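Before I ask anything, let me first share the structure, which is written out below as structure tokens.
Chain nomenclature is as follows: A, B and C, assigned in order of appearance, with residue numbering initiated at 1 for each chain independently.
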Amino acid sequence: MNEFIIERASQLLKDGYDGIIGLRKRWGHVGPYLFTNIDELKALALEPRYPLAATVRLLQAKWPEKRLGAVLRGCDERALKRLEERGIYRRDGLTAIGVVCSQEQAEECNCEKPIYTTFDCTGCWKCIEKCEDEAITRINVCPIVVPNEFDQGLGKRKAIYIPFAQAVPLKYTLDPDHCLKLTNHFDCKGCANVCEAKSVMYEDEAIEETIEVGAILIATGHDFFHAPLLPQYNYGRFPNIIESMEFERLCSASGPTGGKVLLADGRVPESVAIIHCVGSRDSHTNSYCSRVCCMHAMKQAHLVKEKTGAQVYELYIDIRASGKGYEEFYERVQREGVLFIRGRGAEVVMQGGQLMVKAEDTGLGRPITLSVDLVILSTGMTPRRDSEMVARTFHITRDRHGFFMESHPKLRPFHSNTDGLFLGGTCQAPRDIPDTVAHANAAAAEALSLLSRGKVTIEPLVAEIDPERCSACLVCIPLCPYQAISLNGKEANVTEVNEVLCKGCGACVAACPTGAITAKHFTDQQILAQIEGVLAT
Amino acid sequence: MSRYFEPRIVGFLCNWCAYSGADLAGTSRLQYPTNVDIIRVMCSGRVDPTFVLKAFQLGADGVLICGCHPGDCHYSEGNYKTARRVPILIKLLEQFGIEPQRLRLEWVSASEGDRFAVLVNEMTEQIRELGPFNRNGGGENG
Amino acid sequence: MAKPKIALYWAASCGGCDVAVLDTNEKILDIASIADIVFWPIALDFKYHHLEAMEDGSIDLCLFNGALRNSEQEKIAKLLRAKSKVMVAFGACACFGGIPALANFTNRDEIFERAYIEAPSNDNASGTLPQTLTKVNEGELELPEFFDTVSNLDQVVVVEYFMPGCPPPVDLILKVVDAFATGQLPPAGSVIASDKTLCDECDRTKEEKKITRIYRPHEIIPDPKKCLLEQGIICCGPATRGGCGQRCIKANMPCRGCFGPPLGVIDQGAKMLSALTSTYEAKEEEEIARLLTELVDPAGTFYRFSMAKSLLRRKRPVPVEVGAK
């Protein structure tokens, strides 16, 4: 801040101003001083506060013909304005360099100055435009507020933020889509100004690196079913219909409500309906069972009961509680008074300002309507939205639901079809935390085992080129996706195959017009013999 | 003798997708006709046009080549080579008086067991409609 | 000591192979001095009955050119085989069918229809077609039977040597004659050509086989130093035996495959098709459709000389109704 002020003051002096009124530190405390040359400005002090309005008035009255500048803070400007209102002083002719006090100074003075540390600042900049005194020259906080993705959009965050309290590494990151400076809207340095470690780097860019590895473990996780795809639940049309992940954030002590279960208008719900199998076990959307929702729906029911004592209804098709302690938990939740109604939640409507859930109670054999304050939709687990791109990049097959396909459903559930590529967790199939830990651990163990062997066993299915037949027509070379074929060095009269790179696909064998390439164990003779065999009657 | 005959179709299936898909049709106990004799190759890109011609020379009524979907080839691009070879081969076969439906290229992934069963069914019926290949031993002089 | 006896015969042929023998120029006199030519219809006045009168195995070397497409040619081929110690399939037609074998894309009825009825220069209102036996006042007239399918020589008789080429190059002919004269003929069954393909002897620079467009030879003037295939002109060199001295390549024209398939390749056309389509740059449907329009006549392009020896050999005859008699 100092340099900026000094620079502006120096500029005014260079432009021919006769003097700059400011504070100078001398003999242990600050006092007003008229700086008349640039060297003196080195001693310019900004704090602690000393009222300069009287000094300005005096000097201007003494030398009305001189051009003066002054380093003024907001309260000085306010004082001068009051003096002007009383007719004692005339402001024109004075060029002010505005100073914004630090937080400590503002607190000490109990000042009403504009403070940019409020969470509600939207960065409209109207204050900067409006302030004719130009008292607002620097900001010292991020003014941008956007919905917080981790809180499922229920809470807010700044454009410089930590994703969530347990993030690793626990460092702040700039949001390139919303930060004013990174999006080139404004040269805002609010965050950098206050950073004591001076570690905000706007120029930081993603660097692409190529790393050679021996094994890859894909653990890219999952997404959730997008509730608006089932319009009968009216998600997004009426308030207080939320997805299960949104409820998780409401319950969380680090979430937008600090752990309180609240409706959109801040009231505590008195009745809650939890609808199971939204986007699961559904021929219209996903036919599979998402495995985890029954248990987390029960947990959420338990938390609602604990936090609010509200009446909770669970609308289910079947209860899947197959893990350790899961069945016991189910019984406990029932004992706590949660009502389990067997019947798929069919529709959620608003009647007279009240949410109504329609379903069939198959136990009673008749349709029911539940009047509730809050509806939680247990949305199913789906593959991530970018799983197609990831699958292409790593050559992983996807099953018909889009999850990454394992090598064998029973015996190799964490291997993919490519050697050295392993699958861990929910990217392969829906599963809960203990199962994910086991699955991913197994995949990691397999990867480590592969690396620790020191040797790799490769298939003997490689191509071989007969130098007696090869005429170096070069048809084969561009066909190999592994660049395993090359000319034999200086002589360059035949091509040869690198057996370690060759994976045995046989594309070169089929294309070689001289028949010089053989695919070991899948030779032309063997295949032709098979053809003859199957067609011999 | 009626017009009914059992087509003999030679199938070249790639190990990673098509063959696994056919395997899945089997483990899923899906019913499909036995008219396709499957020959496993590592990649559909291994299928030399010579194999197809040999099959027809020996009297096959149809040839089916199955590989991974474009973009999913286990060896990255093998199926693209097949995708280029087969249309020209079909055009060549037409010049030889062989109906284009007798050579078929399809993409079957490892999870598409039901698709494979449907495909075999469809092709068998189609070839049955077309009739036998009837090479008469290669067309002797006369 | 009697001079060795040589016979030459032309079957379904253009006469070019005989001209090639004459192309040996003055060396023909050397040949005539070391051997007796006992049968050569195009040049010498020997008749069939002379041939029939010879003892079996009395001809030391028979150079047989032309494909076999009628009963006369078949008969003489068998006769010459009986009379000769060494039978050489001389020229592409005798080796693998050659250009005449392209008639395997049609059949006798269609050919007769076209030649004797349809052709615009005909004056054949009565629609007369050749018959094998015609009764006239003076007796019976015989014409050879015209076959549906053209064969190459070794599909009818056993052949010791194959000299490919359309026609075989003069230096190769002289090499054979020389080897024959000095008793140093290679093992029976050999093809008198290189065991590698034309690419091995082609002088042009090869960089990267990635074809983006196919041109017919008249569409562009190719760079005489670069590989023709890489420039988009279909050169069958990769799938053709070498040994011809790259005569077409030197004239800036692509190889058409007259030296036949390389050693071990059972179907020349299939391999050339595979090589060409594999290196063509196309992934999307439109690109593959473009390839289809650019490759106008795959059968004619890939089987120009080797149709009779290919796997399918001929166009499939019209299928007979199963059960119909």
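Rule of thumb we're sticking to: a residue touches a chain if its C-beta (ideal position, glycine included) is under 8 Å from a C-beta of that chain, and two chains touch if they have at least 3 such contacts.
Just so it is clear, the structure is predicted and the values come from calculations on it, not from any experiment.
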A-C versus B-C: which interface comes out with more C-beta contact pairs?
B-C
When you average C-alpha coordinates per chain, which one falls nearest the overall C-alpha average? Tell me, please.
B
How many angstrom lie between the centres of chain A and chain B, each centre taken as the mean Cα position?
48
Centroid from C-alpha atoms only, then distance chain A to chain C, rounded to Å. What do you get?
71
As a quick test, compute the distance in whole Å between the mean CA positions of chain B and chain C.
33
What residues in chain C touch two or more of the other chains?
271, 274, 278
Please set out, as single numbers or ranges, the residues of chain A touching at least two other chains.
479, 507, 510-511
Residue numbers in chain B touching two or more further chains are 48-50, 54, 81, 85
For the chain B and chain A complex, residues of the former touching the latter
8, 10, 16-17, 37, 39, 41-43, 45-51, 54-55, 58-60, 68, 71-78, 81, 85, 109-112
Contacts from chain A onto chain B in the complex sit at residues 391-392, 395, 397-400, 405, 417-418, 461, 479, 481-482, 503-507, 509-511, 519, 522, 524, 527-528, 530-532, 534-536
How about chain B: which of its residues touch chain C in the complex?
1-3, 5, 48-50, 52-54, 56-57, 70, 80-81, 83-85, 87-89, 91-92, 95-98, 131-136, 138-142
Touch list for chain C against partner chain A, complex:
195-200, 206-210, 237-239, 242, 262-265, 271-272, 274-275, 278-279
Where on chain A does chain C make contact in their complex?
468-475, 477-479, 493, 507, 510-515
